[in-house]
Amino acid sequence: AGGAPASAAGGQEGGGTFAVITHGAAGDAFWDVVKNGAEAAGKQYGATVTYQGDGDPPKQAQLIDQAVSQKVDGVVVSMANPDALKEAIGKAVAARIPVVTINSGADKAKEFGAITHVGQSEEVAGRGAGEKLKAEGVTKLLCVIHEAGNVGLDQRCNGATATLGGTVERLQVDVSNLADASSKIKARLQSDTSVNGVLALNPAIAIAARDAIKDGGSKAKLATFDLSADVVDAIEAGEVLFAVDQQQYLQGWLPVTFLYLYKKNLNTVGGGLPVNTGPGFVTKENAAQVAELAQGGTR
Amino acid sequence: MTSVIADERIAGAGRVRRLLIRPELGSVVGAIAVFAFFSAQSPVFRSADGVANWLDPASTLGIMAVAIALLMIGGEFDLSAGVLTGTTGLVMVTLATEYGWNVWAAMLAGLALALAIGFANGVLVVRTKLPSFIVTLGTFLMLQGLNLGVTKALTGTVQVSGLRRAEGYEGARALLAGSVSAGGVDFRVAIFWWIGLTALATWILMRTKAGNWIFAVGGGEQAARAVGVPAARTKIALFMVTATAAWLVGSIMALRFTSVQASAGIGQEFIYIIAAVIGGCLLTGGYGSAIGASIGAVIFGMADKGIVFAGWDADWFKFFLGAMLLLATLANRLVRRYAEEVRR
Amino acid sequence: MTPSTVPAREQDAPAAPPLLEVRDIGKVFGGVIALRGVSMLVRAGEVTCVLGDNGAGKSTLIKILSGVHRQDGGEYLLDGTPVRLGGPREALDRGIATVYQDLAMVPLMSVWRNFFLGSEPVTGLLRRFDVARAKRVAREELRAMGIDIRDVDQPVGTLSGGERQSVAIARAVYFGARVLILDEPTSALGVKQAGVVLRYIARARDRGLGVVFITHNPHHAFPVGDRFLLLNRGVSLGQFGKDAITRDELTSLMAGGAELDDLTHELNRQATSPAGERRDPTQA
Amino acid sequence: MTSVIADERIAGAGRVRRLLIRPELGSVVGAIAVFAFFSAQSPVFRSADGVANWLDPASTLGIMAVAIALLMIGGEFDLSAGVLTGTTGLVMVTLATEYGWNVWAAMLAGLALALAIGFANGVLVVRTKLPSFIVTLGTFLMLQGLNLGVTKALTGTVQVSGLRRAEGYEGARALLAGSVSAGGVDFRVAIFWWIGLTALATWILMRTKAGNWIFAVGGGEQAARAVGVPAARTKIALFMVTATAAWLVGSIMALRFTSVQASAGIGQEFIYIIAAVIGGCLLTGGYGSAIGASIGAVIFGMADKGIVFAGWDADWFKFFLGAMLLLATLANRLVRRYAEEVRR
Amino acid sequence: MTPSTVPAREQDAPAAPPLLEVRDIGKVFGGVIALRGVSMLVRAGEVTCVLGDNGAGKSTLIKILSGVHRQDGGEYLLDGTPVRLGGPREALDRGIATVYQDLAMVPLMSVWRNFFLGSEPVTGLLRRFDVARAKRVAREELRAMGIDIRDVDQPVGTLSGGERQSVAIARAVYFGARVLILDEPTSALGVKQAGVVLRYIARARDRGLGVVFITHNPHHAFPVGDRFLLLNRGVSLGQFGKDAITRDELTSLMAGGAELDDLTHELNRQATSPAGERRDPTQA
């Protein structure tokens, strides 16, 4: 990363400068893979990619404003809260900076003037998880939210609720204190023995949930979003049923590619229709293959 | 008594040092250093567009930092101030969209709620004599729960939106969240609110009874009480001022982004305190200035946005931010240390 | 000399009730009884001295009079009617000004801000704090007390012990009152400054104020005192009128024996060995 | 002097009140109240299994709260303590997995780093005379950036894992992160570490020179310095003690979960302070107890888990937590107020 | 009487250097000159009194002697060799014990903890703080001073002003030293307690200690002082030997004129109008 931004805008050998601005907090396992994808694409095309993320919509909007001030060659935005970003994206469009939206916000992308949308919403991913859990016989599901008030996490739980058919209960834990998270999940399982499924939304929480289920002697089935080496191990050991894999690496790689092509060649992909990246599932069958990739931060 | 014309016990350098002793002057030096640093890193940072850009977050932060500075000079903390900006925004947007209120009416309702919460904070602190750190931590957590619980109960999601369509929106927005064009660059009106409030707060601190009382309740509550300062009333009023600032910032944000997330404002409370402390407020109360807090907000805003302008890797963002903060406060301190030696 | 059960001059006093009276008051701090069954009265135009050893409860009594503490038992009367003071503000509003031994000042605030704290002069339509006047008055009043402050903007925390005390006294005197309470005002003062304070006390008395004055220095107490209340270990040994007591009796009362003169002789002997001394404290 | 046999100036109720005046006793009452409340709500909560469950997070919180309590009694804060638990864990796991170190050696390296950071914090605070709130906020942010930046640079992901396969893992785990079975219920060994450290800290505070110095530098630094207490050394040592506790907790967590996230520990620093304050420590320093901080950790742990046991709506979780905190500290305060009246 | 440029008794003193000497020292706080060009010496077996108005710089001088402040100019000699004190700890280690006017105690700590602060007695293998002994000694030493503390566990912040002062003095005396510095130790004390302190000072002198004693009370200064250093507005007016000065001269020196007696007469006149008075402070 690095490099002088504004001066580099036109000067960089052909590549250009693209700003990726998401609603993921720094260090979030999911968004980190997006970042890796975007940066890898940038390297590939000789473009400068700057990545910024902030879960607070106003701050995200300010980051977009900043990118516009720097006159970048393209902006990639995740739209968890389209309303709040409307003005900032409008500014970018007005300044003739091409915008690609990623992850959520597919329905607003066109309206706001984005050239295309990549990924699919958290809600859809949640639906997939719900369906699969239902097939496994889960009737009462615990959806573990590790960041209260985060729209993306809430949408995942909503999606699961929509397709599971049974009851979905939420539990709030703190991702930065796993011992505490583990004991809270255990407490919930101990006090309500009818819970027979747990859906973690983060790989570290999945490991904490696995320990909680084991220690508490519960029979609950466990599924998670996103991957880590530990989660892949757990899937292979049968402790975790599956991990929802949105292949978010593509949500970083593709938009940079599209913007690069737009800049070079004025290409737009799919006539502005959304490009879907997932959901994929990592299960016992394909865990071994994915394991290596997860170690490398591309899955 | 012999009355001397020029007191021989005053050292020559007195005047210069006296100027430097003002709580905010150290932070001015820090601000200049940070500005110079990032200007060298990125030409956009020092362009009019860039300045408008980093002044924007500095303005809302500054409004809160000034209020928090008053409160801190008065010897108390308010950890609920950040989340209260979210609460007032949520109330306003919910009333305007779900219940069809006029935006102005919804804003007034938000103000009433903010004042009630500020009053409750103040009364709890004054009555129970618990440290305000703990009391407002309690209200912070409770508000956080309320924001989420009520929003979910009413809308089924963790955010409310659609304020744009509400009646009276355009007018309110122009007043609080619009922008003013100067030399082809748009500056947010919040910047003017911020400057105005800083001036007002400075005037109150330096030139009114109330200001004297604020310094006194923070610097020696027992002594102040003993000479008849209404300490309880002063403190309650300070909490209400902070709540009002939170309402103002909450409304500015809601009007600007037309939607509010239930987690809005969480974690900001410490940034307000940081800005006030960088600006020279003592954590123990009784000392500080409103201008200093504003400059603290500028330093924070510059460091925060400067790192992005400079294009440094986001993974290291916090590292640079921490280093900036330390260096800015250190510069501040060195200037002050040169200027004074206080015995306790 | 015997303690008068009714206060001195009670007989020849007119029917007018005393400015301030407390009857049989007490104060307990947690497990500590600081004061028990103490009565005293303050009349207009008289100086009441409160005497007693360290820890006798003098400051505690003063704080009850000035509304900082609420008494645990007994009665508090102002102009003959029982009152319950809500706090120091109320006491001030009723004309009771106090210089405290330990709650004097806000150290981080400047001299002039401290001087006017709680009674700020205001000016103009906006009722703003009249800073220029406050600085001028503070400087003048202090100079009148023999304290030539370099700079009234100096924080009180950087003043010398005696300078700090002087600011508190000057403030109480300046704002006037019906009752002026002074808790060891002269202890940190130089001879000159103490003399000025004694003169202030006399003038206040002459203007018809009731003054309560605490000091450990009999040379300060006797010249101005009209009435002496003796406290010992939290209980009252009675009030004495000036006519009922001589200077030497007072000194010996304050010292528990005519110690100081003894001491002077003892010290002048320059004994190298303390053996055989009448009371050797280190061997107690 | 007359020497009295029984001093007539001591009120009858003295003994009882004297007991209640101890800083931790108020919090004991709070703890009992919270326990009774949740026991009534949920039978599982009071079962041995339930107790083992909520004692588990209380133990790691308690270890930190005790260290932070010592530091707070000494008049300082450490906001970097939470993220330092993550740093030490990351260092240990990275060394053991990426570089193939023995787990014990990796732990020692973590300790050395922690001590260095604690030392740096202490020296910065003592030398620059900046408030520790600001200095450790700086190191907090810097460590947060380092944790993420270095982890990503080394592994390409935001976490390090695979400690299980490292040499010496089993032994270290048994010592720090294992469990002990008692009556068919597994209790974490961290609980015993916690109890032991609380006892040690209490002994140091009450029965050693160092304890006397800690109270003194927190309650009146100038006065302590004037009678020859090595104030700077005492404070630096306290920061190093806090860092050591963070290392211990970081190691416990890493050994238990065999992987560490770059975000581990962020935000926990305030929970430590909350526990210490609930346990009766003054934010202004000079007053508090180690046992109190431990009980504060228990109260926090019970409230935190009790809400889950009681099955209340997760959206309202923070609301209940805030209410609990307020009530527990209020109970604490009422007990203390009954027992004492301190004049300043 | 004239100030001796060489200190009094210099002539008949043996060649042994004084315990402590400062030459031409000064101190500036920010823009405030607190002390300029002051010299003094402290000899074994002598009491040096430092006299001066409020704000004259006495406490500042004392703090330089005891290592709290570093002087801005001039020399500091111990036993004739120049030293640079690193802080109060070093001063203590070199045998200089001090009772400060304002940096006395840690209010939240109990009496016995304060008493032994910085010099805790230890016992046992683990070198733990000997609490039982600390409590006993603190109680005994205070009782010896005439202060009968109810409970040595009481926080110092809840003691009366005089009690607090007594704890500080008892501590300094108990730990002994070669030089004992006392900054207004008697100002908050009752006559009885002050007598005890003066006796302590005399005993310390007789044991061969050098004592520096600050007080505003001539009745306290004269009986024990051997040598008097006069400060005025931060500069020295010279040192006087006891033989070079009478009690009345001393009193008048301290007061800037024989004020107190004047005052007594003036106050006894009970003048209702202050007009025509020689010096009316309120009209200055």
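Remarks
As written, the chains take the letters A, B, C, D and E, and residue 1 is the first residue of each chain.
In this text, a contact is a pair of C-beta atoms (placed from the backbone, for glycine too) under 8 Å apart; a residue touches a chain by one contact, two chains touch by 3 or more.
This is a predicted model, so every value here is computed, not measured.
Set against the Cα centre of subunit D, the chain with the most distant centre is C. Distances between chain centres, each the mean of the C-alpha atoms, put E farthest from subunit B. Inter-chain spacing, taken between the CA centroids of subunit B and subunit E, is 48 Å.
With centres set at the average Cα position, the gap from subunit A to subunit D is 34 Å. In whole angstrom, the spacing between the mean C-alpha positions of subunit B and subunit D is 30. Within subunit D, contacts with two or more other chains are made by residues 1, 9-10, 18, 148, 152, 222, 282, 315, 317-318, 343-344. Across the assembly, subunit C contributes residues 29, 31-32, 103, 143-144, 146, 150-151, 158, 284 that each touch 2 or more other chains. Multi-chain contact residues of subunit A, defined as those touching 2 or more other chains: 26-27, 148. Subunit A makes touch with subunit D in their complex at residues 25-29, 32, 36, 145, 148, 169-172, 174-180, 182-184, 186-188, 190-192, 203-204, 207-208, 211, 215, 228-230, 294-297.
Interface residues of subunit C, counted against subunit B in their complex, comprise 66, 68, 87-89, 92-93, 98, 100, 103-109, 113, 116-120, 122, 127-129, 131, 143-144, 146, 148, 150-151, 153, 155, 157-158, 171. On the subunit D side of its complex with subunit A, the touching residues are 42, 44-45, 49-50, 53-54, 56-57, 60-61, 82, 86, 147-148, 152, 155-159, 161-162, 186, 252-253, 256-259, 261-268, 304-305, 308-311, 314-315, 317-318. On the subunit D side of its complex with subunit E, the touching residues are 1-4, 7, 9-10, 18, 203, 206-209, 211-213, 215-216, 219-220, 222-230, 282, 286-287, 342-344.
The part of subunit C that touches subunit E in the complex is made up of residues 29, 31-32, 52-56, 58-59, 101-102, 143-147, 150-151, 154, 158-163, 165-166, 184, 187-196, 198-200, 202-203, 206, 216-219, 223-224, 251, 254-257, 259-260, 263-264, 266-268, 270-274, 281-284.
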